[in-house]
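In what follows, chain A forms one complex with chain B and a second complex with chain C.
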Partner chain A sequence: MSEQICEEVLVFICRNFIVEKSEINLDESLIDQGIIDSFGLVEINAFINREYGITVKEEEMNRDNFGSVNKIVGFIERRRISK
Partner chain B sequence: MCGIAGILSEHMSPEERTDQVKRMIAALTHRGPDGWGYFTSSDITLGHTRLAIVDLNSGDQPITDGRYVIVYNGEVYNHPELREELLGKGAHFYTRSDTEVVLKAFEHWGKDAFTKFNGQFALLIWDRKEKRLTAARDRYGVRPLYILEYNRGWYYASELKAFDLIPGFNRSYDMLRLCEHGLLWNTIGDGTVWRNIRCLASGTIETFSAGSIPVRTRYYSLGETLFNSAQPIPETMNEAIDEFSAMLTDSVLLRLRSDVPVGAYLSGGIDSSVITYLAHCLNRERFKTFSVVFEDKDYDERTFQDDMVAAIGSDHTTVKIDYDSISDNLLDAVYHIERPVFRTAPVPLFLLARRVRESGIKVVLTGEAADEVLWGYDSYKELKLLRFWNRNRASLFRPHLLRALYPHLRHYADSKQFGLIKMYYEEFLSDYDNDLAGLNIRVNNNKSLVNFFNRDAGLVFDKNGLIERLREILPPDYKKWSLLQKNQYLEMYTLLSGYLLSSQGDRMSLAHGVEGRYPFLDHRLVERVFAYPDKFKLAGFSQKHILRRAFADRIPSSIVKRNKQPYQAPDLKSFFRSGALNETASTFLSPESIEKYGVFDKRQVERFLKKFERGQTEIIGYRDNMTIIFLLSAHMALYWAKNPKIGQVHDSSCTVAIIEP
Partner chain C sequence: MIERNDRCTRCVISSKFPKVTFDETGVCSFCRGQMFFAIDNTAIEKMRTSVEKLLSSEKSGGEYDAIVCYSGGKDSTYALQLAKQRYGLNVLAFTFDNGYLSSIAFKNISRVTESLGVDHLTFRSSKKNIQSIIRASFLQPIYNPRTLLRISSGCKSCISIVNNLTLKLALEKNIPFIITGFTLGQVPANGIVFRNNYRFLEESREESLRKLIEIAGSGVESYFRIPERLLSSVGPLPHTINLLCLEDVTEQHILEKIEPLGWMQPHDVDGCSSNCRLNAFNNYVHQRIFGYSPYELELSQLILKGLLTRKEALQKLSVDQWQECDTIRRDLSITDDDIDKVATVYKDKW
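On to the complex of A and B.
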């Protein structure tokens, strides 16, 4: 399951922010890597809502959930289970 | 305003040199369509093309007085006072022009003359006796001057296109500089994005003699009077308001000095409204104002422009801009801009200048530079907020101030997105106060461009290297300044001189022979306000606070109270319609073009363009807008470098020809 979500998240990031999968460090912040800016976070949020029906709450918008690709994937998984 | 060119080379015959300078001048006639002239000797040739504004009858150039010969592009507004002073010292004048005053001032005071000038200029003065050329440029780099060392000679020109007509010379990008420009909106120091071409740095003088290395002297640096001004700094806001209003009024008064009528640009913001208001009060005749209006309501400011026009009763003209106006004219605008840009915002000003000229006006006042001098940019707010938040990182309240940062950006105001914005800014808490100050955020937003360059150039993003290079140009007192003063210095040396005054200023208005004048850039005012306490300029989050307070009773309240809306035009939207690139953009960004120019990575650009073929989102982010305009304009600028327009000057319009045996 998590592999599939990870793949979907990566496809979105690659298409939307014009990077190669091989250029993304899955454990590092996408902002630090220069892949996204503040609007990129907004776009990722919209993607999560659109694809997985998850409305991210304000208190969930933090680095523990958005700080890397792996953290984003983990967050999506947790929220889908608790749904 | 005018265009100047010159060649200093003893390895060419005077005839060959004269011929080349005439070709260079022919490429600059849009800057000065009212006549041209030249000087030539065994060492040097200087050329000039004139826009007649002061002393219409006898102000033709070059001017000589025996020992010195000058070609000059600009205005020194305090020329009547300097003339009086020089007359008192025994000088004789043959014309009423400010050019002669500049020449006599140089003759009398030498390089110290430049510290006495209040104005905007770039000039070349040839000393026949010492066989030495002096080049000088105004304090803030309003007027351009480029320098090329080629074929054992020095070449000088107001615009780069003049160099394209030198036999054998081809303009090409310096990829490292291009990347630096991509990150900062300007190159550092006196470099340009073009290989082997540099500019004369603002506030400097250089002297050139055949066969020796040029000698540079800096005669002005921002903040130079901060720690040694004899005049005490106003202690209260009210005292500062009185002083500031008087200085700004005097600055406008000086900039109304002209032998032709002066008009003004009215954007709808407070800066141009204040300038227009003051010009209206000082000018007894009915005043002409000009504005851009947009079909796309997201960019349109006409209600505010109308409020101001109603308040002063000006004779108002508007130019209406739609997506086609942008996409149809970017290529022609880039012909004049001569470097990549990040926004299409210069294009409407290009079209506005054309209308201004058609209406018979040659000189306009604008509100440019108020955002730098009085701290109107969001970078000042961002820094202030980060500093406040950093002092108590655990505070739940402090980051909430982020909501006030960009009221015009929908995604920032949306409370549902607040956590994301907080997360983004948190990244800057650790290094917001390094030497890049407010540029940290710009560099971070722009660094995705690095991936677009041709991989063969081997460019990588290196923030520390960038900071190191920047440190080389910082003034000695920089470390002693407040964080926001540092930010002003950086904004003035990057965005203001690299974009606003050049790409969006000088080049757009002079494309149609219109001279812009900038009252907020009077150096007396800039220096004085630089020394005011930070809170007079940014009080809480009230930007340009002193300006708002000073003119609150005189400008319509709708304008004083409105949120800042940066002047912008539709970027990506102008080129991407119904899921497809329009013709201009598809030609310039085709795989063949990318191959031919060799600047960008083909695959990266293809993937970027594909993103929009799948349809546009409702809101387009800064990065996507910036990227497409950067890619397009970089190719367009190179297109013009490779396909120069060849003009011709006619003997019938030659007003001065000085040929020295």
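On to the complex of A and C.
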């Protein structure tokens, strides 16, 4: 399941932020890698809401959950399980 | 075969637009749905319902229901009109005066706020501070090039200031909504409505902000930051709503709605602005550095939605106001050589 979610997240990021998969380090912050800016976070947030029906709470929007692609995937999985 | 000027034959994306490709008929990958995610009408309808629910239920009970970022341009004028007349909100209009607004824009602001009967606040920055910010934005690689796909660096700095000042004002006055006049293409479709998460967002833009303040001076810091004591003293942060993204309207429709309020088209601005004289120079710098206009994506989005013809979009891109550009270039003491130096740095970053 996590592989599928990771693939879906990567497809969104690659297409929306004009980046190749090979350019993304899955364990590093997308902001630190220069792939997205603060508005990019808003977009990823909206993508998660639309694709997985998860509303990201204000306190969940932090580096632990959004600090890398792998952390985003982990966050989606945890929230899906707890739904 | 790509037509003259290397533009897409359907929209106005040019061949210099990052990572764009063209098929054999000259249609670009954006038009073919291979770049970015288009939001379908069902998703837009969902967002509209969510916005309507938010605006009808969550009134502050305070002095104002919403702040409208009001530049005096046609789009924010229409957003102000919608907020007041369609949604029935008690609004506070807020204008950031960067020192380069057209004199007609000021007249428009005065006539429109008077006609709609809304309160209005202006924040005018000192010339020294704004010039330091604009110069730093143009002459240093402050921003990541990916963040400059649909906006010039000068505009990005001004909009950051507007976002910060309006959020500060919303927190101080306990106002639950911030309404903007951005259209689809200017902001991504995924960002029509969102709740601010200032601390995390600030952390994410820390690097560019640090560079900007380092160059422009600590005097400009308060334009971009919100004091911790204010952040920690308030409840949930306000929602930002890009109201115009929900409207399928043409420019002609907007003009027909706002002209009765006394709005008039300024003549000292470029084809893509209806309030700011600096925009022409912003576009010139962006085009010189990156080779394409920061408005290509926005105009193309409007063409794809059937709200603008390709001919109209090309006309907008061709009104460049060289005279204004020269005046501003002298005012900011910026040469083409200065711009070319930044272009070299950015070239290596893509």
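The criterion applied here is as follows: the second predicted complex is superposed on the first by the 83 of 83 C-alpha atoms of A that agree within 3 Å, B and C clash if a C-alpha of one lies under 4 Å from a C-alpha of the other, contacts with A are read in each partner's own complex, and residues count from 1 in each chain.
We adopt the following convention: a residue touches a chain if its C-beta (ideal position, glycine included) is under 8 Å from a C-beta of that chain, and two chains touch if they have at least 3 such contacts.
Quantities reported herein were computed from a predicted structural model and do not represent experimental measurements.
Within the superposed three-chain model, A:Ile35 lies in touch with chain B and with chain C [touch as defined at top]. By the touch criterion defined above, A:Phe12 lies against chain C but remains apart from chain B after alignment on the C-alpha atoms of chain A. In the superposition on chain A, A:Ile81 makes contact with neither chain B nor chain C.
In the superposed model, A:Phe47 makes contact with chain C only, not with chain B.
Comparing the two interfaces of chain A, the one with chain B and the one with chain C have residues 15-19, 31, 34-35, 37-43, 45-46, 58, 61-63, 66 in common.
Chain contact summary for the complex, chain A toward chain B: residues 15-19, 23, 29, 31-32, 34-35, 37-43, 45-46, 56, 58-63, 66. Those residues of chain A lying in contact with chain C across their complex are 12, 15-19, 31, 34-43, 45-47, 50, 58, 61-63, 66. In the complex of the two chains, the chain C residues touching chain A come out as 18-19, 34-37, 43, 143-144, 146-147, 149, 187-188, 190-191, 194-195, 197, 200-205, 208, 236-237, 349. Of all residues in chain B, those touching chain A in their complex are 411-412, 415-427, 444-445, 447-448, 450-451, 461, 604, 607-608, 610-611, 614, 617, 619, 621-623.
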